[in-house]
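For reference, the structures are reproduced in the following blocks.
Across the two complexes that follow, chain A remains constant while its partner is chain B and subsequently chain C.
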Partner chain A sequence: MIANIIPLDYFAVIMFFISFFGIITSRNIIKSIIFILLMQTAVIMFWLFLGARYGTAPPIVYELGMLDDLSAFADPMPQALMLTAIIIGVSVTAINITMLNALFRKYKTADWLIISDIARKEESDD
Partner chain B sequence: MLEVLLVLWIVLAMLIVFENKAYRIIVYFGIFSLITAVCYLFLGAPDVAMAEAGISAFSTIFFVICIERYYGRKGQTLVEKPISIALGKRFAKIVLPLTFTIGLFVLFIHFMPDTSVSTYLKELYLLRFMEDIGGQNAVNAILAGYRVYDTLFEALILVISVVAVSHMSWSDKTYVSDGRPSDIEGSKMAVLTMRIICPLILLFGAYIIANGHISAGGGFQGGLAVASFFICRYFIYDIYDIPVKKVIKLEELIFINIIVAAIIAIFVGAAAYLPAEFREIYQGAYLLTMNILIGLKVACGFFILFYRYIAIERGEETNLNVNKGVKS
Partner chain C sequence: MLTYFVVIPVLIASLLFVFSDNKSARVLAIILQTAFTAFSFYLVLLTRGGDTVTIVGGYIDFLGIYLRIYSVSAVFMLLTSIIFLVVAVYSFNMTDSRTFWFLLFILEAALTGLYFTRDLFNIFVLVEVSTVVVIILLMFNRERRQMFGGMVFLMLNIVAMQFYLLGLAYVYKLTGAFDIAYVSDAIALSDRADLILPYALIMTAIAFKCSIIPLFSFTPKTQLYPAAPCAVAAILSGVQIKTNVYLFIRLQEVFGSFASHDFFLVVGIAASITGVILAISQTNIKMILAYHTMSQVGLIIIGLSSGGYYSQIGGLYHVVSHGIFKSALFLTAGIIYRSYGTCDVYKIKGVLKRLPLTGVVTLAAVLGITGAPLFIGSVSKYFISYDVPTWLMWTTNIISLGTIISFIKYSGILFGKDNGLQGKAVETDKWRIIPTTALGIMCLAGGVFGQQLINFLFDANVSISLSSYLEKSLIFFASLAIGYLIYKYAVKGNQVLKRLANLNFSFKSVCMSMGVFFGLTLIFVGIL
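Up next is the complex of A and B:
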């Protein structure tokens, strides 16, 4: 029903821009990290929509007869690429959280504005 | 069904945008990831769905550990100074970014190509993968065979991330001997449940790793399940006794093994020279070896990440409260 009004893969685009808005407006570093994750999720969803355009059966072939109708399967190629992207995304998140810990340790806050104020003050003192 | 899930997906993202309580954001993020995993399943990608489910559990745990240390158990608000109601500031902080984002969105929609997608690679891979690589799962065949360089690169990124986290986390100690008891220690029922579930988790991980080339799953997903076993173990016994440095060495060793196995498979290419009756055994052995090695490596990597965060969390000062520590 909703698919008649807008194509479903536009939801991924909407999500991408919601997280973009979140990144440029959020004042907290934790929120920024989460929005980077959401943006990555939106990109992955978009790729999987591209792969599932001509069929949504999982690309697992149990018998050779299934290969007669190739249009039933989803595209295995974006799935393999996105599996790689997910692991890279969580590695980046782990490093982000560690850097956030270092910032917490130094400035005792996770607010972009307060951190930049303190850093500017320290710079002008030097 | 997929439409309803996608609408819920958007609603949860909007909730995260306008929420300011620390713990609520993390809980919304967990629900969001769960919905994402189910959507992936509807789009015919069970491998990606399993990976997303495991990854979301791990990132939620990382965020909870990080927030608990600095915001306390109660979970205060993230924003320390509320946005002022003055018109100029509100314009600069909300209306301007909103206009910018909507403009970009409209540009994207206008220039988005709506031509048909090429299915050349899909047909090529689906028709040939059983002969070339072996197994029955096309995604696993692409990961371990056709695009093995991507897998190597991604394993390298995970190693780099683990090394970076263990060097940047400011705590020189690899052991944290004195720990405060965890909250669930008193609850016999939780511990009993975890003790029953733990062996099942390990068995499930081993099953996913060993069956990766036949059904959905593979090295990453099984490795995540195996690593979650160690998290349960930590929560049950509340001990921190495994030396992290040795596990890092082990992970690097396994990474070298993955490179060697891939080089042997690609540059020697034994499948082409073997007689036909041995080819299937060779292919199965290669896929199984790659899956087991990648699974062990991912399990080691996530285990190290979790232990490092626990070391940060149980470090010197406990519960630095952010809102009290701010100087004007």
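Up next is the complex of A and C:
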């Protein structure tokens, strides 16, 4: 399996920087938001790979004897924390999309360049 | 005990959420906030005897969540509670909106949590909470253009915090803990090569939040500050950025000997010079103040990174003084805007005649920010350039010269003949005048009693020698004269500066500069 040769966390880091590249290059705001989501997913993946190595068991103890060898378990800490990170990610994305919705209704476009041009013109009118 | 400090603002917020249209509830909230400020003052006294720690949940060692306060965070806490008190009084008559009052105090709770927490993951959560709250407060006027700025600001913050989260994952991989004390112990033992990537990732995020990088966070400021309510701008500039400076201090401590101070010294110098040049080019009074925040934060970073004991104390005191004079300037700018109906620095004239008290407070704050003798800025700038190399001392003098030039432009609004522009209301609201006057008095008192105040707040033992203070005062008056000449002959009507004022950085270019900063940190820390 490829995961045995290349550690999985490298994939997550590569995905992080690919989505960063996507954020820089995309012209559409929706695409930028999707790339930000992708970036969050990459980070969450990285965290999960930290705890759950190939061959580790889920951190559920149903026999007392299992506690002798703790290294056999996946680390439950990242999993618990990533739940919080996922919730934060969802809520900020929701706020983002709400704002984009309001902007789209006014400007009828989701293009970065067009919207920022209009916003700049409005500013100089003040 | 420390848990109550986070809970009390939440309780005040809930009280105001239920009774937002009731004035007596607001009076009660202000009384509670005053008591809260008094307790923060007590915390400063408490940290004299060493750190105070509360363990939430009762788990000891690195499993538990620790709240800890020490002398630096107690001062930040005191500053935060004072500014929130002032802003709460200032906006007493501004709005009945329950969203505004609720979020104002929730923000205070989040910032308090940030000062107390000893857990790296909690920092992530609380920073996200405070960012979202600030953005909703900034868009409080519900203008569509602000919404665009708000969206850009939010997206940039999310991207920056992803850098932080990835860096934190590396830290967890190395150390297996989130508690700052344990992490810094473990980092001291680990290999330098392993630390390069997490340090670069985390510091990129923190530097973005501090808005110290040149080319950085211009977009949010250009688009958000001009139309945002002045009370919120005062909080954003006076307190929220200070929180990020506090995080900068903490995380540099976590990385200990690995942390690169030289790199941030260079970045601080670059940020403050860029900020000053952009501030000179602006014509909107709020924008001048907004860009100045960048340059002053750069100055704070210079003080914190230059390594000398005195300049470190100076940097910390500059946090306090900047919080005070910047919020005074923003709040008075709000009053001036209401009275004149415009923010154009060339159109407003004769503030001292029309609004005498506001004019005097503005003058005091301007003297504070430029570092005039006897005012608060002079003391902190004196200490920042006290024990640094000569070239750095002259760099700070040049930055001060830039500050003076832009505030010569700004103080043009104070003098001259009233040109009869009329805004919405002539200011007679005592709820607005009392807090701004208090801030103006603090600008003077913080300068006159500067030495005693520093020794009290930071438990330090520093003294101002009269001869070198006089020398600094002479430098101030000399740069005032030079600044006036430069302003008159080089700045007024300069086409290059006019073009600079319209400089606008898009979301993508700010993201790109975030990437460039990340790369630079990697190179600087990894190779040099």
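The rule is short, and it goes like this: the second predicted complex is superposed on the first by the 117 of 126 C-alpha atoms of A that agree within 3 Å, B and C clash if a C-alpha of one lies under 4 Å from a C-alpha of the other, contacts with A are read in each partner's own complex, and residues count from 1 in each chain.
Convention: a contact is a pair of C-beta atoms (placed from the backbone, for glycine too) under 8 Å apart; a residue touches a chain by one contact, two chains touch by 3 or more.
In this text the structure is predicted, and so the values were computed from the model without any measurement.
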Contacts of A:95 with chain B and chain C, given as first, second, both or neither: both
Partner chain(s) touched by A:38 [first = chain B, second = chain C, both, neither]: first
First, second, both or neither for A:10, with chain B first and chain C second: first
Chain B versus chain C as contact partner of A:24, first or second or both or neither: both
Chain A residues touched by each partner, larger count belonging to chain B or chain C: B
Touched partner set for A:80, first chain B, second chain C, both or neither: first
Touched partner set for A:55, first chain B, second chain C, both or neither: first
Which superposed partner A:110 touches (first chain B, second chain C, both, neither): first
Contacts on chain A seen with chain B and repeated with chain C across the two complexes: 13, 20, 24-25, 50, 77, 81, 84, 88-89, 91-92, 95, 99-100, 102, 113
Of chain B, residues touching chain A in the complex: 2-3, 6-7, 9-10, 13-14, 16-17, 22, 25, 29, 32-33, 36, 39-40, 42-48, 51-52, 55, 58-59, 62-63, 66-67, 69-70, 78-81, 93-94, 97-98, 100-102, 104-105, 108-109, 112, 117, 119, 121-123, 125-127, 129-130, 136-139, 141-143, 147, 150-151, 153-154, 157-158, 160-162, 164-165, 168-170, 215-216, 220, 298, 305, 308-309, 312, 320, 322, 325-327
Interfacial residue positions of chain A with respect to chain B in the complex: 1-3, 8, 10-11, 13-15, 17-22, 24-28, 30-31, 34-35, 37-38, 41, 44-45, 48-62, 64, 67, 70-71, 73-77, 79-84, 86-95, 97-102, 104-105, 108-111, 113-114
Of chain A, residues touching chain C in the complex: 13, 16, 20, 23-25, 29, 32-33, 36, 39-40, 42-43, 46-47, 50, 77-78, 81, 84-85, 88-89, 91-92, 95-96, 99-100, 102-103, 106, 112-113, 115-116, 119-120, 122-124, 126
List of chain C residues in touch with chain A within their complex: 121, 124-125, 128, 132, 135, 144-145, 147-151, 154-155, 158-159, 162, 165-166, 169, 172-173, 222-223, 226-227, 343, 502, 504, 506-508, 511-512, 515
